[in-house]
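Have a look at the structure below before the remarks.
As written, the chains take the letters A, B, C, D and E, and residue 1 is the first residue of each chain.
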Amino acid sequence: MIAIENLVVQFGGVRPIDNLTATISAPVSGLIGPNGAGKTTLLNVLSGFVSPAAGKVAVDGRDLLALHPLGRVKSGLRRSFQTEQVVEDLTVAGNLFAIADHVVAPSERAAAVDAALAFTNLRGAAHMLGRALNLFQRRLVELSKCLIGQPRLVLLDEPAAGLTNEESATLREMILRIPGELGAQVLLIDHDVELIRSMCTETLVLDYGRMLALGPTEEVLASPDVRRAYLGEF
Amino acid sequence: MAARSILVDNLTVARGGKRVIHSVSFAVAPGRISTLLGANGAGKSSTVMAMAGAVPTDGGKVRLGEETLTGLPSDRIRRHGVALVPEGHRVLGQLSVEDNLLVAALDPSAAARKSGLDRVYEIFPELAERRRQQASDLSGGQKQMVAMGQAFIARPDFMIVDELSLGLAPTVVRRLAEALTLAAGQGIGVLLIEQFANLALDLAQHAMVLERGRLVYDGPSATLRENPEILHGAYLAQ
Amino acid sequence: AAVCGEGTGQAATGEPIIIGAITGKTGPDDFSNSTRAAKAYFDCLNANGGIHGRPVQYMVEDDQWNPEIAAQLVAKLVDDQKAVLMVGNSSFVECGANADFYKKAGITVVAGVGVPRECFFASAIAPTNAGPRVSMLGAMGYALDQLGAKSVVCIGPNIPNVGSWSCDGVMLLAKEKGFPASTILIDQGSADSTSVMLQAASSNPDVIVLGMSKGSAVPLLVAAEEQGLNEKIKFVSAASAYDLSVPETIGPGWDGKFYVNMEFNDLEATTPDNQNWLAVMDQYGQKSDPRDTFAQAGYLAARIAEKALMSIDPANITRETAGKAVADIKGFKSDIFCAPWYFGADQPRHNANSTTRMAVSEGGKWKVVSDCAPSPDPELADIRAFEKSAGINQ
Amino acid sequence: MSVENQTLARPMAPASTIRIPRELYAIPIVMAVFTLAVAVFANSFWLTAATSAVALSLSVTGLATLYGQLGLVSLCQFALVGVGGWVTLRIGHAWHPPFELSMLTGGSVAAIVGLIFGIPALRLRGLYLALVTLMLAGGFQTIIGAWGFPDGGAGFLGRADGAGRAMLPRPDIAQGSVPYFVYVSLIATLGLLISQWHKVAKPGRAWALIRKGEHVAIASGVNVLAYKAWAFALSGFLAGIAGALLAGNVGQLDGRAFTAFESLNLFALAVVGGVYNWYGAVIAGLLLRAVPALLTDLGIDGYVTIGIFGVALFQALATAPAGIAGQIAGLIERLTRRGARP
Amino acid sequence: MNFLPFIISGLGIGAVYALSGVGLLVLFRATGVLNFAFGAIGALGAHVAWQLMEWDYPLPLAILAAVLTSTLISFLYGRFLAPLLSYRDTVVRAVGTLALALFLIALMGVVWGELPRRLQFPTDQMYLTLFGVRLTFTRIIALVLSIVVVSGITLLLNTTRLGLDMRALANDRDLSAILGVRITRTETAAWIITGIFAGLGGLLLADLVRLQGTFLTFLVIPAIAAAILGQLRSLWITAFAGLGIGVAEALLTPVDWISPYRSAAPFVIALVAVMILGSTAQAALKDR
């Protein structure tokens, strides 16, 4: 459960997050909003790359902001980035080891990496170099990295951007397995409303730093405010 | 200007020493929207990057009417009227939003620059608010708007857009779709790469499907919409 | 015409005698003039019967002002090529890098131009020149005696064993004679000459002594002239600035105001050996080889080596016999030297050339202004004591 | 965590994801062959040149680790070689301990200095960092120029007066030039193994992430500061050992040989040698010392040598993006692939 | 101790740093290349001027020939060689110019050797006296020139199309090409401009400091300190930093215990500045 209280982020004159209060508790929840609404910024606050000007964030009751970014990773926070960040000259397995090195005990690393590869069906590609991967495979590697070392909270920034419908469907099935099999909560950003609708039980809509709506996805998407501001319907 | 088409003739492209496009031929006609579909890794980006001179070709030709584009540097191709919006919202991060747009304006006259800017800001009012902001500080979607704006302001004869909706909110995608339809109406040829096949097929009159670097369909988009199995086959083949 | 060796006019054809040399050609300054002159002399010698019929094979290597390379090259010359003597060496770094090696290898060095302290404090190295410190103190002596120096500033390069060594001599002399003196050590890489001159002028000296290579001395003089210091203060320099190009480079503003020490005779002196040197250069050297004081040093080194080798059995020229022959040299006379040169066998250090002259910049040329005078360097005490005990130069 | 969370970690036959890379075997073998060939065939001149070359390749491998692995450019590596040499000489002259002890101290001090030099780098990247390190090299040049290297005398600076310079004795087991060359090769091989191990193991992966982006690295649990600092310390250590070995080769060092320009040159040749393969460092070492020695041996004018170097440097940069080592690697790969086909 | 004279004297050398720093930055901001050969290119021009004056050609002709030579070298490298490295990272592109510097050092060494030379202009004989120190007109010209250069280039970069193209190019060459920026033309223009600056700077340095190939070549290293203070971006800060460094270096001259180390001043100042600026994380973010 992520409890956000009066969160403010300020970059010079811009306030990408403006006094946001929200509690997100579904196993897989969505985060949507227009471009520049502050979605990535919120993820950056959660992972510690941006220090908020004010406010509180608690995950499962623990004060998140008190933790150093590395501490957050150690305690189970995982994230992917809006532009994929696979290391070109490491193999797929190497990319996973790069995180396993720091969050899994030495004797269990190989097993943890293998399990993550199995989860995302990447075992066959384990020895491919990062640079030879296509976008879908890269997104899968990013997802696999989030599964290593007992994750508690997985943050995904547009994990399906650029994927075809079939590919997003595959990805969705994998993401949906995460809470059950790994016990981690997932929060994901995407602009594909259908994808959000089909996988998130709860959705938070941001609009220029403020909360526009929060609740069960169907309700949220049906709300007139959201239809107007985000979907452009009248 | 006589309505010329871009003719891609037996194009072959290698990336990292491996052939990823095998003798692909097609045409992009002026005044209409064409779309190039295919699974990830099928070679869509490689095809259009080669057309724009941003990656070297390994064989074949790209022509614009009578002129040969293959072998020209990418800035020359742009000046021939073929504007590419590359994948992955790339912008000139150290420049302001407005400078990003102005640098892409090919007509140097002050009036043309002004009207070009106005037009882009009309499509993306978000950018007008941030015209002085450094582009690296934009959100992902805002960068994509800048990239699209850079194509619009060049007043090209052809626009090639790689991953149109990538990272854009539905409202913005809708605005863009309208802008592209308008552009096609004014005689501009558009080649669209788009992950949402439905959106692409709705917009386009003409469609092509790439499968592992080979063209497996080239025809009206309506046919493809009615026979989704062609597309599914291509997507699953990967 | 050039006179060398036995003057037979017959080319030497016997088994070559290997002589090596290390010079600093590429780097902050070109120091190869000494070895060029020595080469010309050996060519002349080879064309005139060589050493009792055996030609000298003179192998010169460029240390590029890098001690590591100097050490590599000495291994090549001494270990690989089996040189029997080193002659005409002229380098900023070589003595420091190789002194120990020479001693271990048992090879004797008749250096042309020794610069750092190590060249004058080694048992196997005997330079023909006086060295920057002796030369600077020679200039200092002239400033005291002839220019009436009352207060002195010494400017030297901030190079260990070169600049501080020289200026320390001036300070020591100042203490002995009781005149105020101060030292400024400068980084040769520094671009700011004006500040150095302002600093020097701030203690109101009447003489400034320079101990730098010509490349660094010229900018200092330029800066001094810019500030009008040439009108108020006399400038004297060690022989390192005694280069034919310098008076013309610094221009007429320095006429009669910039004095320089000469370790050897006037370059244009009409004395026989100096004329022979010029003849050798003309006949056997390159046109482009400079005819300067360093070339005189190299010529003399070659002649000393010749004299030593001539004295031994040509069939038995080894590192040992050649070294011994050089060590035995005493009273080697040339009108280019002020006093006869000797090696000083068994001495822990060598500095035979310690009597020098002075010249002044005048109309784009150097004009000799003094006779030979012993350098008043206090550090020469051991040398003087040895000379006395051996009955040399008395 | 609860039991069902462990599903991921279910033990299975782990895919052979960790292999001992071929290089770790190749390094000792190749180095042994090279050492033997030089020791048997080289004369004194070539032995000293080869000793310097091999010693310097150790400092290049440190540089290559920083640049190839982290994308960090250090333009003060030769200054660190100087630091290592200075400390080794100082300790050697002052207390006459075994050479190894002076050398390790030299390496450690250089590692610490490298770490201190690296502190600005913990925040900076790219050219900006490169230039900051160049400033360090410039400052070092001035200071060491003024201080000078110890030459065996008493006192902190150890300037000799009176008698000639003292020389740093070589290790007891390697007095002669051939044994000393073998000794240097042995230490260089160890150094190359250490840095190669770093590349293929945990630190290498962490560095790869840092190269990708610091946020990416942090998100993977990498302690960016610690790993960067470690890279700088390792690089400094290797440079310091190289300095110690150089000091042992000649018996002394000269302050003027450690200019900022030398650091620039070291980096340039590291790139030409190739920073992505271990033998790139050896090639760079040879380029730094053996090739000039060859040109000197051929009697080529010093300036012409510099000019040839300039032209060759550009040629190599323009035609071999991964350096000469990269081209060799490409060749080997092509040959083995062809060999594997029939 | 009176420090005033040293301030005046430092302005002279400061102008030298400023001019070189700005010259470096112009090319860097336009093409992303840090030109280590800047000093060498200027030195070559200055040698040509010296040679012509030795042959008794008139001064204006010698100056013209010097600037033309430097511009030509810069143009040739920028047009034909630099593009070969254009896809490499900035440091490698900088190292490419190091190759040019080596080549030019060799050329000057073979043709002219390392003799001490002096390039003299009539302005050396004219001076103002300030606090007992003579400030020659050559130094004043250097000061004025650096200001003019900074203003001119600032104007060019910020207001002209060429300037915009240059900034775009320095940011991302590939993308700029895709956007239609004429790469070759823009880069060549930038190289020609720095060539002119290098020529002028070389002439002034040969007069103010000394005419010696390697020495002038390596003078870029302290000049880089000024560029670092300008965070490789600001021309004005770079120019003033250059002056400041020169003054600081001169001011240390009369302080006995530090005087021998004062040529480390540019480096130390740059390092301290980085430590301070670095902590605001600004420099780190803007860098790339």
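Simple rule for what comes next: a contact is a pair of C-beta atoms (placed from the backbone, for glycine too) under 8 Å apart; a residue touches a chain by one contact, two chains touch by 3 or more.
These figures come from a predicted structure and were not determined experimentally.
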Neighbouring chains common to chain A and chain E, by label: B, D
Which chain has its C-alpha centre farthest away from the C-alpha centre of chain B? C
Go ahead and note the Å separation of the Cα centroids belonging to chain A and chain C. 77
Hey, how far is the Cα centre of chain A from the one of chain D, in Å? 41
Would you mind pulling out the distance in Å between where the CA atoms of chain D average out and where those of chain E do? 31
State, to the nearest whole Å, the distance from the C-alpha centre of chain B to the C-alpha centre of chain D. 47
Going by residue number, chain E touches two or more other chains at 109, 218, 222, 260, 263
Contacts with 2+ other chains: residues of chain C: 26-27, 158, 185, 187, 189
Touching pairs of chains in this structure are A-B, A-D, B-E, C-D, C-E, D-E
Applying the document's contact rule, which stretches of chain A touch chain D when the two form their complex? 47-49, 69-70, 73-74, 78-79, 81, 85, 87, 89-91, 93-94, 97-99, 101-103, 108, 110-119, 123, 126, 145, 147-150, 180-183
Which residues of chain A touch chain B in the complex? 11, 32-37, 39-40, 82-83, 131-132, 134-137, 158, 161-167, 191-193, 229-232
As the complex stands, chain D meets chain C at residues 43-45, 47-49, 52, 141-142, 145-149, 151, 159, 162-165, 167, 177, 246, 249-257, 292-293, 296-297, 301-303, 305-306
Residues of chain C that touch chain D when the two form their complex: 25-27, 61-62, 64-69, 71-73, 75-76, 79-80, 93, 96-97, 99-100, 103, 118, 121-123, 158-161, 185, 187, 189, 348
Hey, which residues of chain E end up touching chain C in the complex? 1-2, 5-6, 9-10, 12-13, 16, 109, 113-118, 120, 124, 127, 133-134, 136, 208-210, 212, 214-215, 218-219, 222, 246, 249-250, 253-254, 259-260, 262-263
